[in-house]
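So, here come the structures, one by one.
In the two complexes that follow, subunit A is the common piece, with subunit B as its partner first and subunit C second.
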Partner chain A sequence: MLKKSRLLAALLMLCLVFPLVAQGQVESAPAKEIELRWASIWVGNDSKAPAVEALVAEYNAKNAGKIKVVIEPQPDYNAYEQKVRTSLAAGQAPADIFTIKFNPTTATFYQSNLLMDFAKVMDASWKQTFDAGSLEQSTVDGMLKSLPMETAILPIWYNMDAFKKTGITELPTTLDGMFAAFDKLKAAGITPTSQMTGDTNAWTSMIWFSHFAVSLGGTNVWEKSFTDPAFVEAAKLTKRMITEYSTSDAVGLGAGGSGGHFLAGRTAVFSNGPWYAGRADLAATPFFNSIKIAGLPAAGSTKDFMISRLQANICAASSKDKAREAAIVDFLKFLTSAPSISKIAETSGAMFAIKTDYRPTKALQKQFYDVAVAAKTTAFDLEAALGAEVTLEFAQQLGALALGRISAEEFCALVDRKIER
Partner chain B sequence: MQAVGTHRSRVWTARVLFLLPVSVLFFFFFIYPFLFTIYTSFTSWRGIGSMKFNGLANYTKLLGDPTFRKALGNNVVWALSQGFIQVPLACLIAMILVRKPRFWRSLRTIYYLPNVISTVALAMVWVAIYNVEGPLNAILGALFGAEKRNWLGNPDTALFAVIFQTVIYIGYFMIILLASAMNIPRSLYEAAEIDGASTFQQELSITLPMLRGSLITTMTLAMAYGMRHFESTFLMTGGGPAYATTTMGIDLYLKMDALRYSEASTAGVFLIIMGTVVITVLRKIFGSSDPMSEMAQ
Partner chain C sequence: MKHTYTPAQIIANFLKWILLLSLLAVALLPLLWLLISSLRTNLELQTNPFGWPKDMQWVNYAKALAMASLPRLLLNSAVVAASSVILNSAVTAMASFILARERFRGRDVLYTLFTAGVLVPVISFMVPYFSLITKSGLYNTLLALVLVYTAVNIPVSIFLVTAFMKSIPKELEEASVIDGCGFFKRFSVIILPLSRSGLVTAATFCFIYSWNEFLMAMLLTSSIESRTIQLGIKFFTSQFITDYASMYAAVVITIIPSIVGYVFLHDKIIGGLTAGAVKG
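So, the complex of A and B:
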C-alpha cells in the first residue's frame, strides 16, 4: 500500500516536472534558423494588419532557412501595454520585437538593459531613412532604445454635410467665427462637437485642449508650468466646448462613445488621428466624402501648427547572441525601408517617421498628408509631452471643471502638481 | 517498535511528497509576490532599474494623497453597501425561497443568473442603462417627469450608480444562505407553529439565529470584496469623474500604469491591511466563533 503511494507520488511529481523539462528542451534545442517573435499590435481589424502580414511573409520567404519572423498577435492594446510593462519589470523582454507609445512615462524603459540600443547598430544609410526630428525625440541621454515608426498628426475632423445644413460652406478661420458656426449648428439641432472626459486620457478633448494650449502658449508650452495663463485660458475654452457645444453625456464619456456620436452623425466636429480614416464604419457613413481635415482656428498668437505625436516606436530585445541581434536589425531595416513603409501607408492611411515617396491617393488620407505638409511646425499633444500620470489627472479633473466644481485656475493647479520637475 | 517508526516515517515522506508541488506553487505564486510587494513598498522603484530604499516615504505620500484618501473612503462605502445592503437583501430572498413558494426553483435560477454573466458584459449593459439618452432616464421621465441625468458623469450620483448595479446581484450570497436555510430542521418550525408563533416570529427567532454562521461568512466575503472592488467601476467610469468613484484597486492599477510600482505596492499593502481590519472588526462584532467551521457543521 505504502509502495503504491510512493509510486503514485513519484508519478505525480514526474507529471508536474516533465512539461517544464520538455519546454526547456524545446527552447534550448539548437535552431537551424533564427526565429524572431514580434508582439504586434498591427493585427486583426487594424488597418495596418494586411500589409504588415504580407511584408513578414515576404521577408520570411526571402530568408527561408535563415531567419523566420513570427507575429504574436496583440489585438487588445491596453492588455498589450500591461504585458510590456510587467515583462520589463520582471526582467524579461516581452518579445524580440515590440512597440511602445513613446512619451515621458515609457521613456523610463530606456533604463532597462533588456532593450537594444539602436544608436550602437545604426549605420548612416539606415539613419537617413528616418525623419531626423522623430529620431531626436526618441533619443534619451544618447540612447536610441526605440525606433520611431508610426507618427500621427491630431487634427480636427469636420462633417461638412452638417455645416452645409446651416448654410456654412467654408471652415471658420477665427475662434469667434467658430463659435458662431457652432451656435448655428446648435440652432439647427446638430450638436457641434464630440467631447469626452472619460478613459485615462480624455482623448478627444485632450486633443482640443492641446490645440488651444499650443496656440496660446507656443510650441514650447509643455515646458512651462501648468499654471501658466496659456493653460488656464485653454482650460476655459475646453470647458466651454464641453458645456456649450458637446453632447450631454460628454462628462464621463469614453473614446468609443465620442467617436460613436460622430460616426452616427449626432455631432459635426471630432478629433482623432489618421488611423481612424481607415475604419470601415467611417467609410460607410453618408457624410464620409464631405469630411474635411484641418486644424483649429488660432486661439492665440501661434498659428499654422499641427498637434502631433510619436504613435508607435519599435523596440527590440538586446541579445548576447550577435547572430540574433544581426537578424533583428536585418528585419527592422527591411520593415523600415521606404518600399515597406509605402505599402503599409497605402493600405492603412497611417503616417510614418520614415521618409518615402509615397503620396496618398485616397481623399481623406490625402487630406491628412496635405495638412501635415502645410503645417509650418508641429507640437506634441499633452499626453505625448507630459506622460500618463499627468494626462490621467487632466482627464479626471476635466470632468470636475466641466461640472463647475473647480475653476480653470484650480484645474491647472491640480494638474500641475502631477508634473515631475 | 522500529517497524512502526519506519512506517510513520514513510507516511510522512509520502505526505511531504504530495504536498510539495502545491507548496512550491503556493510559495512562488503567493508568498513570494506577497513579500515582494511589502519589500517594494519601502523602496523607490519604477519597474525598471534598481530599487532604492526610502523607508516610509511611500506610506507618508500615500496617506497625504487626496485621491488615495478618496479611494479609501469609497472602499469603505463599498464594503458597507455589500455587507449591510447586499447580504441582508440576499438573506431576505433566501428566507422567502426556503419556504418554497410557487416557481421558487425558477426564481432561484433567475436570481443567480447574473453571477454567471461576465462582469464586462453587465458593466456595458449598465453604462447603456445609465446613459443620458438611456432607458433609465426615459422611464423616470415618463413616470415622474424627471429631468435627464448623466448618472455616471455626475460626481453626486456616479458612486451610487456603480454600487447599485453590483448590490442588486444577490445570487451568490443568496445561494449560500438558501443552502444553509434548507438545512434547518423543519421540526423547529413545527414546534413554533404549535406554540402560536407567526411567520415573522419564526424567521426572527429560528431562521436568523440558525443562519448566524452563514451570515457572518457571507458578510465577511461581501465586505472583503467591497474593500478590493475594481472591475465594474473601472469598466464603467475608470474611477471618475474627478475620482468620485475611484477605489484603492483602481488607484493601484493607475499607479502601475504610470510606472509607479513602489507606490502601487504601498497601495497593495494598504489593501491587505484594510481587508484584515474588516475581517477582524467583523469577528469582534459577531463573536469569536469561526463561521467557516459553523458552515462546515
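So, the complex of A and C:
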C-alpha cells in the first residue's frame, strides 16, 4: 500500500518537474546585452521569412554583445491577432516588436500606453525613408504607434489566353464591354470570374466590391454611410458577378477554392495581391506568362485609381528603459532601411511603404509595380477602411444577397449597422 | 438449424447495413481524403481536390518533419499531454472521491461549482490565464500549458469520475472500514482501483484536448522550445499562402499518437463511458 502511495506521489512530482527539465535551455547572455523579442508573422511558409531571418542574423552579428533580436514565430495569423488583442487587454505588449494589420479595428490599439509613439522618436531622415501617404494613414490623432511596413495593391488578374480563345486580345475599357467579354467567355465554356462569399472577408469578391464602390463613390467613399447609392450599386454589380459570371460554388467558397478555380484555368479573371504572384503552383500553370494585371473598367466617375492597403504595420512596446527604447528604434531603423527592404522585396515580391530603388525583374511582379506607379490615386479596400467586424458582416450577408434572400438595399443596411461612428 | 429470413427481415437487414456503411463512410472518408491529399501536390489539391495523386509526393512528409521542427514539437506535445493527464487524473481522483463518497455541508454546491466550468467557453479564460501565467513567470514554458490544460479539463473530468465513483456500492467501502481501512486506504485501495475505467475515460478526454489544443498554446508560448505540435501544423499557413500538402502530411503525423492511444485504450474508454449508464 505504502509503495502505491509513494508511486503516486513520485508520478505527481514527475509531472511537475518533467516539463521544466524538458523545456529548452535559454542561452545565457552577457549582462549588458539587450534582448528584443520580435513576434514575427514572417516565418515558416511566408515568402518574406528567409530574408527577414537573414537580416536579423546580420543585425545581431553587427551588434553582438549589445543588442540581440530574437524572432518569436507566429505561424497562424488569425490566432496571432487574437494573441495581440488578449495581451493588450491583459495590460502587456505581446512582444518588444510586433506587427498588426492596420485598420479601424487595430487603430484602437493606439489608445494603449503600452505602444511606443514613433512620432516622438522619429527624426527627419528616418521619416523621409517612408512613403508620406502611408505614414499619414498610420497616424491617428497625431500619434504614430505603428510604422507602415508592407503595403499592397489589390488589382484584377486577367488570364489573356482565355480571352484570346474568344477573340479578345485587349482588355475591355468600359463596364458594358467587360460584360460583353464575359458573355463571350461563357459562350466559349469558360467561367469568367472567381468569386467567393466564404471565409471571414469574402476576399476576392470584397476586392471587386471595393473597386466598384470607389469608382462609383470616389476615393473617400468609405467615409459615407454604407446605405449610400454608391454602395447599393456596387452591391448590385457584385451580385451580378457572383450569380451570372462566377462558378456555381461561389456562395460559401473560400479563398483557396476561388484561387484554385483560376489556377486550374476554370475561370479567366481573378483578384488578389502581389504575394500571390510568387506562388510555385501559379508559375506551373500554362497561362502564367499571359496573366495581365490591371484595374477594373470604371463603374462610376472615378477612374485610374487602384485599391490598396497597409498590409502590415510594425508596433513596438513602450519602455521606461531608455536603452531598450533606443535599441528598438535602432533595430527598426535597420529593418526599414532601403537596403533591408530591397532584400525582402527581392525574395518575396512583396511591396513596401519604404522608398527604395528596387524594381522586380520577374514580369508578373513587375506588373504590380507598374500598375501601382501608373495609378493616379489609391483608395483602401473595404476591410482596410472599415475593419474586420464590418468585413465579416459583409461576407456573411454577401451570400444572402447572392442567393436573393435580401435586396442590395437590405444588404447595405445590414452592413451599415456594424459600422461604428 | 438454418435460419430463414422473411422478406421484411431481409429489407430491414439491408437497410441496417446501408445505414452502418454510410456512417462508416462518413467517419472514414475524411481520414482517407487527408491521407491521399498528403501525398499530392498543392496544384493538384487546388485544381482537383478529390483526385488521386499523379505521383506520390512523399517529399511532403520530409518537408513536414523538417520545416516545422515537428520531432521537437511532438516531444513537447507528448510531455505536455502526458503531464496534464497525470496531474488532471490525480486532482480529479481525489476531488471526485470527496464529492462522491463523503457527506458534508455544501457538497452539492461545490460539485456544481466544479462542473459548471463545462458550460464556460475556454476563450473567455484567455485574458485571466494570460495574466496569471505571465505574472507568475511561467510564460513560454511547458509547465504553463500543463497547468492550464489540467485546469481546463477538471470540470469534465470531475463530472465523469464523480458519477462513476457514485455508482460503486457503499457496502464495499463499509466492509473495508470494518477491516480497518482508514480514509486514505478507502480511497487508494478500494475506490481508486474500482474507478479505473472512469479515470481512463476522463484521462482520454484530457489527453485529446491537450494534444489538439491550439489557442492557449499560441497565447502562452513564444518559442519552439515550449510550443506544441498543433502550432507546428500552422507553420505551413502564412498570412496569404498555405502549403496544404505539407500541412496535411503534418496532420497525418500528429494524429497517429491519438489513434495509437485509442487502439490500446478503446475498451476502457467505451467501458468507462457505458459503465455509469447501466449502474443505478
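In the analysis below, the second predicted complex is superposed on the first by the 389 of 421 C-alpha atoms of A that agree within 3 Å, B and C clash if a C-alpha of one lies under 4 Å from a C-alpha of the other, contacts with A are read in each partner's own complex, and residues count from 1 in each chain.
In this text, a contact is a pair of C-beta atoms (placed from the backbone, for glycine too) under 8 Å apart; a residue touches a chain by one contact, two chains touch by 3 or more.
Worth saying up front: this structure is predicted, and the values here are computed from it rather than measured.
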{"item": "Touched partner set for A:Trp275, first subunit B, second subunit C, both or neither", "value": "second"}
{"item": "Touching partner for A:Ser301 - first (subunit B), second (subunit C), both, neither", "value": "neither"}
{"item": "Partner chain(s) touched by A:Asn45 [first = subunit B, second = subunit C, both, neither]", "value": "second"}
{"item": "Partner chain in contact with A:Ala89 - subunit B first, subunit C second, else both or neither", "value": "both"}
{"item": "Partner chain in contact with A:Tyr80 - subunit B first, subunit C second, else both or neither", "value": "second"}
{"item": "Subunit B versus subunit C as contact partner of A:Ser125, first or second or both or neither", "value": "neither"}
{"item": "First, second, both or neither for A:Thr169, with subunit B first and subunit C second", "value": "neither"}
{"item": "Partner with the higher number of touched subunit A residues, subunit C or subunit B", "value": "C"}
{"item": "Partner chain(s) touched by A:Thr361 [first = subunit B, second = subunit C, both, neither]", "value": "neither"}
{"item": "Common interface positions of subunit A, toward subunit B and toward subunit C", "value": "5, 12, 16, 89"}
{"item": "Contact footprint of subunit A on subunit B as seen in their complex", "value": "7, 10-11, 13-14, 17-18, 20-21, 46-49, 131-133, 148, 150, 152-155, 158, 237-243, 254, 256-261"}
{"item": "Footprint of subunit C on subunit A - complex, ascending", "value": "1, 4-5, 8, 11-12, 14-16, 18-20, 22-25, 37, 39, 41, 43-47, 49, 70, 72-77, 79-80, 82-83, 86-87, 89-92, 95, 256, 259-260, 263-264, 273, 275-276, 279-281, 284-285, 312"}
{"item": "Residues of subunit A defined as touching subunit B within the complex", "value": "2, 5-6, 9-10, 12-13, 16, 85, 88-89, 105-106, 108-109, 111-112, 197-200, 247-254, 387-389, 392, 395-397, 399-400, 403, 405-406"}
{"item": "Subunit A partner contacts - residues on subunit C that touch it in the complex", "value": "41-43, 45-49, 67-68, 75-76, 79-80, 82-83, 86-87, 90, 126-127, 130-131, 134, 141-143, 145-146, 184-185, 188-189, 214-215, 218-219, 222-226, 231-232, 234-244"}
